[in-house]
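What follows is a set of structures to go through.
Below, chain A partners chain B and then partners chain C, in two separate complexes.
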Partner chain A sequence: MLEDGKISNKQIIFLIITIITSTTILLFPSLVYKEAKQDSWMTLFFLMVFGIIVVYIITTLGLMFKDKTIIQYSEIIVGKVLGKILGIIYFVFFIHINAFIIREFSELLLSSFYPETPMLFFAIGIIIASTYAVRSGIEVIGRVSEVLFPIFIIVISGIVILAFKDMNFNNLIPILANGWAPVLKGTYYEFLLIGETIVLAMLIPYLNIPQKVRKSGIISIVSTCLLGILILGGIIAVFGEQTGYLRYPFLAVARYVSVAGIVERMDPLIMIIWIGGVFVKISVFHYCAVLALAQWLNIKDYRPLVLPVGGIMVVLSVILWENIAILSEQLTGIVIIPYLTIQVGIPVLLLIIAKLRKKER
Partner chain B sequence: MQRCYQKDEGKMVKRLLQKTRLLGKNSKNVLPVSLEQTESKKLSKSLEKNLIKLKETFSGNSDVIFREFNIGVHNECVPAVIIFIDGMVNINIVNENIIKALMVDVRIAESIPLNGKKDLIAEIEKYALSAADSKEVNNSEEIIEGILSGDTILLVDGYDVSLKISARGWESRGVTESNTEAVVRGPREGYTETLRTNTVLLRRKIKSKDLIFEGMKIGRFTKTDVCIAYIRGIANEKIVDELKKRLSKIDIDGILESGYIEAFIEDSPFSIFPTIGNTEKPDITAAKLLEGRVAIFTDGTPIVLTLPYLFVETIQNSEDYYSRPWHITFIRWIRFSALISTVFLPAIYIAGQSYHHEMIPTSLLITMAAAREGIPFPVLVEIIIMAIIFEVLREAGVRMPKPVGQAVSIVGALVLGEAAVSAGIVSAPAVIVIAFTGISGFLIYSQNDSITIMRFFFIFLAGFAGLFGILLGVIFVLIHMAGLRSFGVPYLAPIATGTVGDLKDVVIRVPLWMMRNRPSMMGSKNIERLGAQGMPKPPKDE
Partner chain C sequence: MNKKNIFVFLIIFFAFLIIPGCWNRSEIEKKAIVAGMGIDREKDNDKVDLTLQVVVPRKVKSTGEGEKAVWIVSSTGSSVFEAGRNFGLQSGRKALWSHAQVLVIGEEAAKKGINEFIDYFERDHEVRRRICIMVAKGDAKDIMNANVEIEKIPAFSIRDLGQAGEVTSKISPVCLQEFIGMISSKTSCAYTPGIEVFEEEDEKENKEKKDKRLRLTDTAVFKEYKLRGWFDQYETRGMLWIIGKVQSGIIEVECLKGGKTPTSLEILRTKSKIIPEIKNGKITITVEVSELGNVGATPIPCADLSDPQNIKELERRENEVIKKEIKQTIKKAKEFNTDVFGFGEAVYRKYPKEWEELEDKWDEIFPNLEIIVKVDAKIRRTGLLSEAVKSE
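For the complex of A and B:
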């Protein structure tokens, strides 16, 4: 255990909801729309089911080793060599997914608000903030998320509610015009969002009451999916067919909102809140990456590692993808299978092997 | 108690400070050796010898009075001396109850036979001396300390014990209305500079045997009386012990104000946020003690420290509990918006003007653009100039002597505001923004130190990076606050540590009959503060 910080259950719920929601509403609505069209919001029901299963797997695995993270107990389950390999895989995974997130959010800021600013600026800025947070410990991250979460949820729901008058619910029908196949394909794209609950595997040792983590996880998945239905349904209701052509549909809805001619074009304020959510996500993954590396190397104090790892993430975020189109393509193409393996497949395998080994004793 | 600050940073900073000789390397600076330490401490039985020693100690001082007199009748008298500092004693008591009692009344009443008495001092104390507070002292260190604190020392020939009589009385500012913490409804008494008066003011609020005042003296030269107050059974024992430990470690020349103590015992000396609160009024102190906090009284200042201090106390005011709940909830929201606006309004204005024009409604945008026509400075510079001018005005308003008072309002309002706008140096919106920012700042004056710094911090961030910069700043400040602790209690409690029950006094203020429990984050064992009476109802008609 590298630090004494503990997060409460409420904080882990807030953390997971923030993590999943903040990037879901970035790129995914339009990507999913291309497949599922007006039934996109139904994909979230299946996602909920899938999410509950994933949470169940990860928490069962984690609860078997209450004070160890996945890096540590994978060595116990499959032996030292394989465990070390798995550790490296997870470390690289956390860095890669963070690079993805940083790139997504830099692209958003760049294209919508700050066209003249170099992209490196956003990445460095957010990573410096994340470094400060990670160095202060997971308890601080939990508390910051507890403060930011209500604002985040209120603003995001507020946008959807305020856009109500622009919504045309005819855009949502006909339901299931093309059958279930497009819906399932849309769900397939969203799987890796649910896989982000893998952070639970790293955070279970730092929970106040580990036994409740399953309930917390399920609450977060259900809330996230309900929120997602609200948002996605709202977006499609407002834009209908256009959703597929917009890169950032939620931002477009925010721009659309106009109350009494005064509260209008509020998108910069939305941006602030949204970025708060993205910051929480980045700092949690940053923390997981650093923790993974520190445990892999058996170091006592993870703090010296934070800034270098952050630096790697910044650089990767800039050089891995040339533009947002390639990123979106990867997001719905190449990246899904490796991510799903890491987020779901490996825990399933570890769980099976662990259970078998337990039976042996 | 858990610590949240970075350990290796702390060591690095400490080493850096030591290298630049700002922080001593655990040096034990030796005081210039005072007379108190070289002399032998015991009194002698001879009055002459004692007198010579004490007169030497106080040589050069013209305000130390040695009054020699005889106790008893002519042939049976015993020489005695009282020593006191002119102006620090209640001269009536000294005259009537000490000198007259011993010179005159002893003779008349013949209450004590004087010859060959072994325990004359005890006899005097029990039969002759009519002063209320007296104590036997037999070492010269305590005698000197007593004299310097305002007590009167009685030395009698032939005895090596003296009496220290407390008959203190000096000129002090009376108990007046506190000007810095004004209320419309509620008690107006404020503390004064005398410790005893202040502790009495608190005792009158809390007449419980569990109210404990623990005294100590801090400061090598000032020997300031410092008093810890807490309610045994409600306050968290750990906090009291930790506080006593920290206070005992203070080794300094002098404590002149409670701010000195605050600087030495606080959890995060480099943070801009205060983690120890202060107040000037006894009813606020009493309320805080009843919630489980600990108070520190310092002689010489009317400012009393209370700890632990949390961020939510910024928007809480004592008057809140004397008024009605709906109104107070509304006022709390106003205070909270004032907090937001005083820190962020200039920054948002800069960000909107420079980077995010789309955020401002079109008509307002046109007005602002027209107002800014011809202004030589960019928005950032304009706002910084106005903010600095505001700070100068505010500081001048506090410090200036009363006769010159009118000039500030005239100069400030007319010249700087009006004329600067007419001359086209700053634009009217900038003046409005800064004026509103300043006024909001007065609403929450307790956090003024941190708010001013944060305001400038955000102004720069906004000028540099627009709303994204502001956001990064907010995140930084939040992370900092989330890691701060005040004597073990997280600074952001209860907002960020989720006991929902404690929120009943933060965002809203529930009626008093709903506040069943004390705030749980104070860690007290005695949680209930309300009996089972429920909501007030009119009596049923029978």
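For the complex of A and C:
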């Protein structure tokens, strides 16, 4: 076995919430607002439904092969050659999405906190931390998320609560002024976030009690969406029309908070949860990429692969996108279809084929 | 094993949180901390004149009398950004904007348009969205140079002046965030308090020496990033009545016994509601204002205030006064064609479908809008006296 560690179902809930929320609060609020305007928060209800379906598919598939990851069971389902092709697709996907995350994360730090530090510095820094975590195994990542999760939730909800007095709920009216179409389009952008639950397909074999994974998955999707409603609703109530052109609206909310002139300038807190949350996210995807490669190559130990794969991610994160405009354009454009195919499309196909084969037998 | 791992990991993690800041670390004593800034535009060549109040830490603690703890510097550039950097030529230090409290824009600069200033201050990561924004009557430079006794750092007392709004409601402080919120709406217009320098003779010392002081006055009204005109203090309160921002203040009504001295009523609590209605393609807007007040002072002799009939009469007069203020403001706003009240947005909220057509025509609709004003003023108490001394 490549990995001896086990994570609990509680930890998987924390992991998924952190994974999805940490980037939801970066670029997404303003991207979604551009489409759905004041109804942005409603997109999360659709997202919840979609997320539950995705979890259902991935866990059904995963539970058919309890001790195998998607890389391994795809070979069983569709045969050796096709399975290997799927495996390499997943490996590339994990690397690409992680490059995306590293870039988003460095861009945020660069534009709001350290304007003159070279970008490479952040990318390398977080990858060193994540390399350490990945080498220590999934158990460590799980426990770290257990430590960081309470801070994460307290800071996010704290900021929303403190901003309450600056909220103008008129900004949320009129509801559904332009019908459902913009809301659905906004939801479409968010699909790739919820699709990140694909990491479940890699992690199910390492759960304490795999049977409970469906319940944990659904709990995490529902709580992520509720948290998202809180964040998006809060942002729009504070900023209204401005949400659309602020690059990082949630950061702006944190900066704007002022209670009695004493509780002010909360942006360092945002930095802590962002670095914390994004770190968990990056190390989970890093882990998945490394594990996928190791299983694809059939090696006994994945540890030698950790650093090289990390290096590739760092390089890609710097060279793939010229500037932040291209980055956010891709996020709402060309990556959605390929990502969704990998995150949802392929598992659905695998599930159908697996079910058919079972019947044949 | 695992516990140790997590511990090592957390150390790496927190180190990473702090270390990137060392890349281009800057020591606080090498920074020029800006407390307030004034922006003017030069008349002939459109250059930006930036006047900064830079805190001099050495003087903040010293007890030298009347000594200001700021250094007032002006620098010029083709944009605020450049002028800010040019400031370094004089100081050798880079300006640090994060503690700036006020942004004063000169009248001329405001008339020419302030979009680029706003863009810069919003884009820059150091400037806070809580910074107070004001328009100077005259040059912003004079405001920055004026004399303020209470605080060592004049910019801080300029910020505090804004709070005077809470007592009089003749002025309403606006921070950058609120300003942008108003100005980014397609139909609404923004306002900021005005600030002016006035001269007062110093009676004790010599009458030659004139003391330049600051006060808030009037309200600057913007139309699409350009200063359109001024509301005077009563019109300002008229505007605040409509948008529901009157917090406190005095309303003067004619005394029940007549005479020159008015009876003063204190405003305690107010509420307002803007109700748009579209009937047969015609828009009417109803403004409902309700107010709760006290009798604050009344000339002697005065009518018996323990008589409910008299209170009712006072309420009626108060209604008239408030209504007059509001109507005067609406008239002026229509004259300027500036929808500072957010009527357009109120229509949008209630009639999103119809709004699509109205939005582009709002500039033509607003000046001819039918506005119904309903005021409901109530007097609850008469202070510690039930009737004035010597009342009949």
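The working rule: the second predicted complex is superposed on the first by the 361 of 361 C-alpha atoms of A that agree within 3 Å, B and C clash if a C-alpha of one lies under 4 Å from a C-alpha of the other, contacts with A are read in each partner's own complex, and residues count from 1 in each chain.
The working rule: a residue touches a chain if its C-beta (ideal position, glycine included) is under 8 Å from a C-beta of that chain, and two chains touch if they have at least 3 such contacts.
None of the values given here were measured: they were computed from a predicted structure.
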Fill in the blank from the handout: So, after the overlay on chain A, do chain B and chain C clash or fit? They clash
Problem - Touched partner set for A:I326, first chain B, second chain C, both or neither - result: neither
Practice task
May I ask you to decide whether A:Q11 touches chain B, chain C, both, or neither, giving the answer as first, second, both or neither?
Solution key: first
Exercise for the section: Would you sort A:L109 into first (chain B), second (chain C), both or neither based on which partner it touches? Expected result: both
Handout entry: Touching partner for A:P174 - first (chain B), second (chain C), both, neither
Key = second
Practice task
Figure out whether A:A129 sits in contact with chain B (first) or chain C (second), or with both, or with neither.
Solution key: both
Handout entry: Touching partner for A:I161 - first (chain B), second (chain C), both, neither
Key = neither
Practice task
Applying the touch criterion given at the start, work out whether A:Q242 contacts chain B, chain C, both or neither, answering first, second, both or neither.
Solution key: second
Practice task
Considering only touches as defined above, state whether A:I299 meets chain B (first), chain C (second), both or neither.
Solution key: neither
Handout entry: Partner chain(s) touched by A:L269 [first = chain B, second = chain C, both, neither]
Key = first
Practice task
With chain B in view, single out which of the stretches 8-16, 170-178, 278-286 or 368-376 of chain C clashes with it after superposition.
Solution key: 8-16
Completion exercise
chain A contact set shared between chain B and chain C covers 109, 113-114, 121-122, 125-126, 128-129, 132-133, 136, 139-140, 143-144, 147, 264-265, 271-272, 275-276, 279
Practice task
In the complex, go through chain A and note every residue touching chain C.
Solution key: 109, 111-118, 121-122, 125-126, 128-129, 132-133, 136, 139-140, 143-144, 147, 170, 173-174, 177-178, 239-242, 245, 252, 255-256, 258, 264-265, 271-272, 275-276, 279
Fill in the blank from the handout: As the complex stands, chain A meets chain B at residues 4-5, 8, 10-11, 109, 113-114, 121-122, 125-126, 128-129, 132-133, 135-137, 139-140, 143-144, 146-148, 261-262, 264-269, 271-272, 275-276, 279, 301, 303
Problem - chain C residues within the chain A interface of the complex - result: 2, 5-6, 8-10, 12-13, 16-17, 19-21, 23-24, 125, 128-130, 177, 180-181, 184-185, 345, 348-350, 352-353, 355
Exercise for the section: Would you mind writing out the residues of chain B in touch with chain A in their complex? Expected result: 2, 4, 6, 8, 351-352, 355-356, 358-359, 361, 465-472, 474-476, 478-480, 482-483, 490, 492, 495-498
